[in-house]
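Each structure below is given as structure tokens.
Next come two complexes built around subunit A: one with subunit B, the other with subunit C.
What follows is the complex of A and B.
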């Protein structure tokens, strides 16, 4: 599925029918272009998202609108055009329940939309927590908790309270635009990536937690427990956390994809940089159990063996820096 | 190092003829860009990191971002070698330089700005070489 810059949405799908052979693209084995939704938007389509049930497709565009398309086999019918954002919509995401949609924009706001059985969409909240352009919105895998990433260097979390939505947390730490966030399968951790070239892992501490982290009323507190720096040499634009394997993948402006496998990090497409060597001597991984910090620096001479100082409160942390793994 | 120097000259050759959005002069004539403001580092096999520092003529925010946009667009189109580009306002020349630097290096903001017909027209006029 791809968004196209001239205003159209191009749809590709993998099907088992042989009669489609005439449409086969030479380089895409098995993939054929099934539909082109060219009339929905007037500007770049920035993001597309399938609904959890698979019957609907939402498309977010720089033209300020979000379209919802209903799928009838290979035909798509635009069943709603969500308007309201003042300028470019950057992201759209469906909640796991399928009845909520979130959008965000350069207008600094995050909108939550509700859809009823009659396929009617209604905006139920306009959230103005961010102070700059909002780049990405993503829902918690199982709860109605929303996360947003922004040009204001923060990640914000939102939940429903009575009849409205409120911002219940602000994750601060990144030193530049946060481009994307991803929840871990269980929803207790969040990964964020930024223009500051770091990947951060945030962990949720619920009220009454055994680590003794203070919480505000019934809201959990999120703390940054891991910062991976010195490993990505340019802006990191996207992150994806596999719910099946726990693997974390990052998309970086240095043309490389990096995947954290079970035991450590590997670069799938390697590039040599004079100032960012592949076996870096400057990768620092700051991880903490509760509020304590450990600094790890890779020493090239001690192959893959970090120098780690443990505090006696630390119960975790098997670390091997490049490859790197972090466990709690 | 010689390669990097040659590349820097290539870059400068492309940007010096860009016209200022307001004045009927090139960026070189107005000393908005200088040879010394172009830095090139080799970051891979035939790939270079290009860093440009420019000095806008007036401390007006929108003009500075416009110049940044012109620099980016022209290089995107004309630079023949693989590169990554960073553009900054020379330190100390602008009160909101951090804000401007952040905008002009945000590829999504740049792409969206170039879809604005008015802005695009201005940029086209600044970067297009006269026949």
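What follows is the complex of A and C.
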């Protein structure tokens, strides 16, 4: 699924599995374009996100709006246009409950929206914790805890407190823009990647923790427990933490995708990547195109063999160098 | 006497250094004075700007609170709740204390709340007049 502007018309393309071959390369047969949502936005569509139930699609655009589309088979209807941000909306994310949506923008704010049974969206909070452009927002996998990454080098966390949302933590340590964050499956760790070419892992310490880390009232404290530096030679734009295997995949401006596995978190058999002479705990995939704007997601697999899926652009390149099978 | 001679020579030899030093002291004193005056002007201007902004939000909120006071439906009650929250935040803000350490933080919270209220009331928070770009700026 991609959102990209071309020739002034902003499109969101929806790809589905089909039996006919579209205009795609033979390698990607099986994928057909099912819908094009071309009228929703006036500028670049920067991010799209499916709701947990799968019936809705949210699209965040540089035109300052976020559209929510309701799916009826292959037809999509725009059921809401969320306005309010002063300029480009950089990211949108659905909370696991499906009733909250978060957006963030270059206007330095993070907005939290709530949707009711009548599909009415209402802004419940405008959070001005960051001092610069906010690049990414992501929800905790099971709790109503929100994380945001910004050009101000920090990651902020937010939670609800007495009908309003507050910033409950500020994760400082990165030396440059934080481009993306990802929670671990259990939600006790957070990974952040930055323009400073490091990947940092932050761990949550709850009040009364056995390590003796001090907490502010009932709020947990997040501490940086690991900084992975020297692996990436350029800005790291995206990170994804596989909820099945614990593997961390990063997208980097040096044209490589790296998959990191930590013995302590998850073990992955090296049988999966046989033809590469690899350092037992990491795999580097070099591609001929820059992974500048690609999101890498490591998908859980039925057969206990992790498969990595890429956006359409990257998949064509990746297949040539690495025989990864794609999610069916 | 050799003593007086030494002092006199000393006075001549050290003259430049002494003038430098006196000049520096005078300059520093004058600069501090000018700095305080400028700081005072800047502070009062900046303070007035903040006051103007918050005052605008307060007036706006009180007006809407008044307009909605007779409404009892659920939608309106959410609006009233948000307005009450904004008014509460503004009234709690310590205007008398320029050294309040959470000033910036509280101001950002008030701005955020104002934006949220505008969103709920379906009003554009940048109050543009016609097609000119001159929005209400503070």
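Here is the rule we use: the second predicted complex is superposed on the first by the 238 of 328 C-alpha atoms of A that agree within 3 Å, B and C clash if a C-alpha of one lies under 4 Å from a C-alpha of the other, contacts with A are read in each partner's own complex, and residues count from 1 in each chain.
Convention: a contact is a pair of C-beta atoms (placed from the backbone, for glycine too) under 8 Å apart; a residue touches a chain by one contact, two chains touch by 3 or more.
In this text, all values refer to a predicted model and were calculated from it rather than measured experimentally.
Colleague: For A:188, is the partner it touches subunit B (first), subunit C (second), both, or none of the two (neither)?
Modeller: A:188: touches no partner chain.
Colleague: In the superposed arrangement, does subunit B or subunit C reach more residues of subunit A?
Modeller: B
Colleague: Looking at A:144 after the superposition, I want to know if it touches subunit B, subunit C, both of them or none. Which is it: first, second, both, neither?
Modeller: neither
Colleague: Applying the touch criterion given at the start, work out whether A:43 contacts subunit B, subunit C, both or neither, answering first, second, both or neither.
Modeller: first
Colleague: Pick one for A:164: touches subunit B only (first), subunit C only (second), both, or neither.
Modeller: Second partner only, subunit C.
Colleague: Can A:135 be said to touch subunit B (first), subunit C (second), both, or neither?
Modeller: So A:135 only meets subunit B here.
Colleague: Does subunit B (first) or subunit C (second) touch A:123, or do both, or does neither?
Modeller: second
Colleague: Between subunit B (first) and subunit C (second), which does A:219 come into contact with in this model arrangement: first, second, both, or neither?
Modeller: A:219: touches no partner chain.
Colleague: Counting only touches as set out at the top, which of subunit B and subunit C does A:177 meet: first, second, both, neither?
Modeller: A:177 contacts subunit B only, not subunit C.
Colleague: Across the two complexes, find the residues of subunit A that touch subunit B and also touch subunit C.
Modeller: In subunit A, no position sits in both the subunit B and subunit C interfaces.
Colleague: Under the definition above, what is the set of subunit B residues touching subunit A in their complex?
Modeller: Of all residues in subunit B, those touching subunit A are 41-45, 84, 102, 105-106, 108-109, 111-112, 115.
Colleague: Could you pull out which subunit C residues touch subunit A in their complex?
Modeller: For this pair, the touching residues of subunit C are 78, 81, 85, 108-109, 111-113, 115-116, 118-120, 125-126.
Colleague: Which part of subunit A faces subunit C closely enough to touch in the complex?
Modeller: My answer: residues 83-84, 86, 109, 122-129, 163-164.
Colleague: Could you please specify the touching residues of subunit A with respect to subunit B in the complex?
Modeller: Within the complex, subunit A contacts subunit B at residues 43-44, 46, 62, 88, 90, 106, 133, 135, 151, 176-177, 195, 233-234, 253-254, 271-275.
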